[in-house]
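Below, chain A partners chain B and then partners chain C, in two separate complexes.
Let's turn to the complex of A and B:
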């Protein structure tokens, strides 16, 4: 009962000291826009109560889930096929590797010109960003299979398709899980960046999403406290997404004790 | 004597594309295995024992000669030949039950079985190898001896006609090994008549294990892997601890050791 809380308390000393120092510094400066912890909490309460922040997060999350799902649906089967078959890998790998250095945000100009400044462009950016970590980990997963397991299944008379389904996919699942977690992380990063940039193009028009809300606070109403609230919200959502994916992986893979 | 269940005719296996640098793993290996026979192949490491087993399993084609099952050439793996691998080869994402059920559920061994018949077979097999109470554990939660029991249960649940076993007890400690040798003979059906037994080809480097289990021992030598001698083991069945104390058992072990001793010494010096 005693040991752990005491250690937790000691761990909180530095963060609390920094918060207090920040607050004191903010109150010492006369600029009313300067963000301080108390002003940020007040701004957070306002944004939540007005419904603006929850709605923006929901909009962004909807785009992330759509783009992420599209990326996973293409990247997982493709990665498994590449990892399991040399000819497929030899053909597809150069294509993937030549696109991979192009950052998701760098395809934004084309996305906006083709799809406009709304949801479709944002979803495309997210799908593009999430695709690479998922496909690369799926390839690695399909390659790391213990060959004796494939032989064991073959000696039991399983067809190639049955082996793919019952041996290759479960063997690759831990690696696929890692890819999905990384992919979700970059998808969420990409949506904020994409919405910020789309916000600039759309002139603050109503494309919605947390990035676009940040753009309005930056370019129009100039509210630093609200921008910081958005930054914190972005971090918290990312944390929740990762924890949820980890829990889903543990539930899907009860055999991996880690 | 009835026709051979398994037949190896002048089987050879070379590795490497370049003729000058080829390694000869197995050379001119000819052997018949009778139905219901327990044949053990013994020999030093590198003598090509595993290659012979893989040829019979259909996992590796020979580079010379031919292998047959029931007079038909072996061209690939088949559910009538079950294989037990040295490193267990259990599916880590399946529980004990899931592993035992695997071939019945996903392979042709379960054709014609409905769910309740399949469950009954899995249940009976788990009881047979003494794994009651561990059905829902994953392989990583089991000891080496228990994993080997799961591998054995998975093999026999499919009811293959031929059991091909590649040093299945090699990774176990000495006591567990003796226990599983007894268990293996019980499960194979040493109390039943020869006609009701399955054909077994079992690989080991342990001479006492070979003599204890086998109807016949095929002794191999290495570089290149060749069949050196075929030795009948006329010890009565059922075999048990008394068998190990039998002077005839000791004499056979000595005899086989004398056949491979020189080479084994040379291998330790080299």
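Let's turn to the complex of A and C:
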């Protein structure tokens, strides 16, 4: 064995012990619905083979990407403008700060009233949720520019637009990347919440997506093992999205430290 | 001419309300978009019946309870993980396995276990607040200047006193930042949890009035959610300024 595993092995003890304890407890209680690790694995295989789980995840991800793209398209230019120009920031900031404390899920009832219980309402919630972290990081990024660079660009007679393109945007990119990453995490949480709530409150719950699938397993067919599979899937997708964005940022912007 | 920030705020919000009013006149549909005075009346009525404050009080109480539980679990664990590498190595992977599963994803299973009621939102919020508090505590304890600990140890200060008199004060700014993040995530979670599985609270009220198609009331409760979310954040920030005045600006923004 090489040197690395000592720490890794110690880290594995607790999760494995918990899994074994869970399995033993589940086998001791005779109810066949009780989730246990082995039943969860079986449920996961079933859900993947039938294509239900991949389809739900794809539906949810499609909504996330649509809402996220809309949020980024509005938030990045707005944030850069606010960070680069004091008057713009002073005038727009009150609206952003007034809406920021309102959780995305709180406006879901309004979104349902406006757009019904389908995909558009879910996309709106995602866009709303992702908007704030992206815009705030874009503002911070545009403010963190080295003033010497700005002065140098102005001295060389660059136009406002050229300064924006050649100085402001490149130096703000790392912060924008952080905002996008946080925004993606928030967006994924928001879509699960929105789909769950739509399933719970709008009846039927037949709008697709992983959240709605979880709610169907809870409310109509009481399949706890499948609920746990969905929870793990939600976590895995969150992890993969985060890692993918991190890797993309490192690849696109090798000059940004973290 | 430079206006004071408060005036700029009022001016911007006046523009916002004017645009909202124009759009509401244009749509001419009170269910879709009630005009500002209608919503204002709804807020006044709900405030006069105390309904607004009852639901807000319930949600706030749940949040405080869940923060106490989350803090009671996360602070000792975070100190242990921050001070002892062995504990960190043993516990951290489990934490990192659970952390990507958002509190909201627990709602269906928690609904099955606890049913609709008070326990569900408190469980979800505790879960949501636990991770930011834990990670912030670990980072805060680890970030304590080694030289301070070494100096205390050189002077023969017992380990327990080092923790209470050196590590705790030095980690306090980070702890308060962790608390702020915990408050923010538990406040988001309470709305989701109440919307789906509680018979009271702000999230429940928003959805209740949506089902009745009473949009002005829906907007009143949404506004209340925003106001309280903002107030909670300001409170924690004020705590940070009060108790850790030595901490730099970086902790306060």
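The rule we apply is simple: the second predicted complex is superposed on the first by the 251 of 258 C-alpha atoms of A that agree within 3 Å, B and C clash if a C-alpha of one lies under 4 Å from a C-alpha of the other, contacts with A are read in each partner's own complex, and residues count from 1 in each chain.
Keep in mind that, in the parts below, contacts are C-beta pairs under 8 Å (C-beta built on N, C-alpha and C of every residue); 3 or more make two chains touch, one makes a residue touch a chain.
None of these values were measured; they are calculated from a predicted model.
The wider contact with chain A, measured as residues touched, comes from C rather than the other of chain B and chain C. Residue contacts after overlaying the shared chain place A:215 against chain C, while chain B stays out of touching range.
Shared-chain residue A:15: touches chain C; no touch with chain B. By the touch criterion defined above, A:151 reaches chain B but does not reach chain C. Once the two complexes are laid over each other on the shared chain, residue contacts for A:90 go to chain C alone; chain B is not touched. In the superposed model, A:105 makes contact with chain C only, not with chain B. Of the two partner chains, chain B is the only one that A:162 touches; chain C does not reach it.
On chain A, the surface touched by chain B in one complex and the surface touched by chain C in the other have no residue in common. Note for the complex: chain A touches chain C at residues 7-8, 10-15, 18, 90-95, 98-99, 101-110, 112-114, 188-189, 192-193, 196-197, 200-201, 214-215, 217-218, 222, 224, 227-228, 230-232, 234-236, 238-239, 242. Residues of chain B that touch chain A in their complex: 57-59, 77-79, 81-83, 85, 87, 89, 91-95, 102-103, 106-109, 138-140, 158.
Chain contact summary for the complex, chain A toward chain B: residues 146, 148-149, 151-158, 162, 166-167, 170-171, 173, 253-255, 257. Residue ranges on chain C touching chain A, taken from their complex, read 5, 8-9, 11-13, 16, 31-32, 86, 89-94, 97-98, 100-102, 104-109, 111-112, 187-188, 191-192, 195-197, 202-203, 206-207, 209-211, 213, 215, 218-219, 222-223, 225-230, 233.
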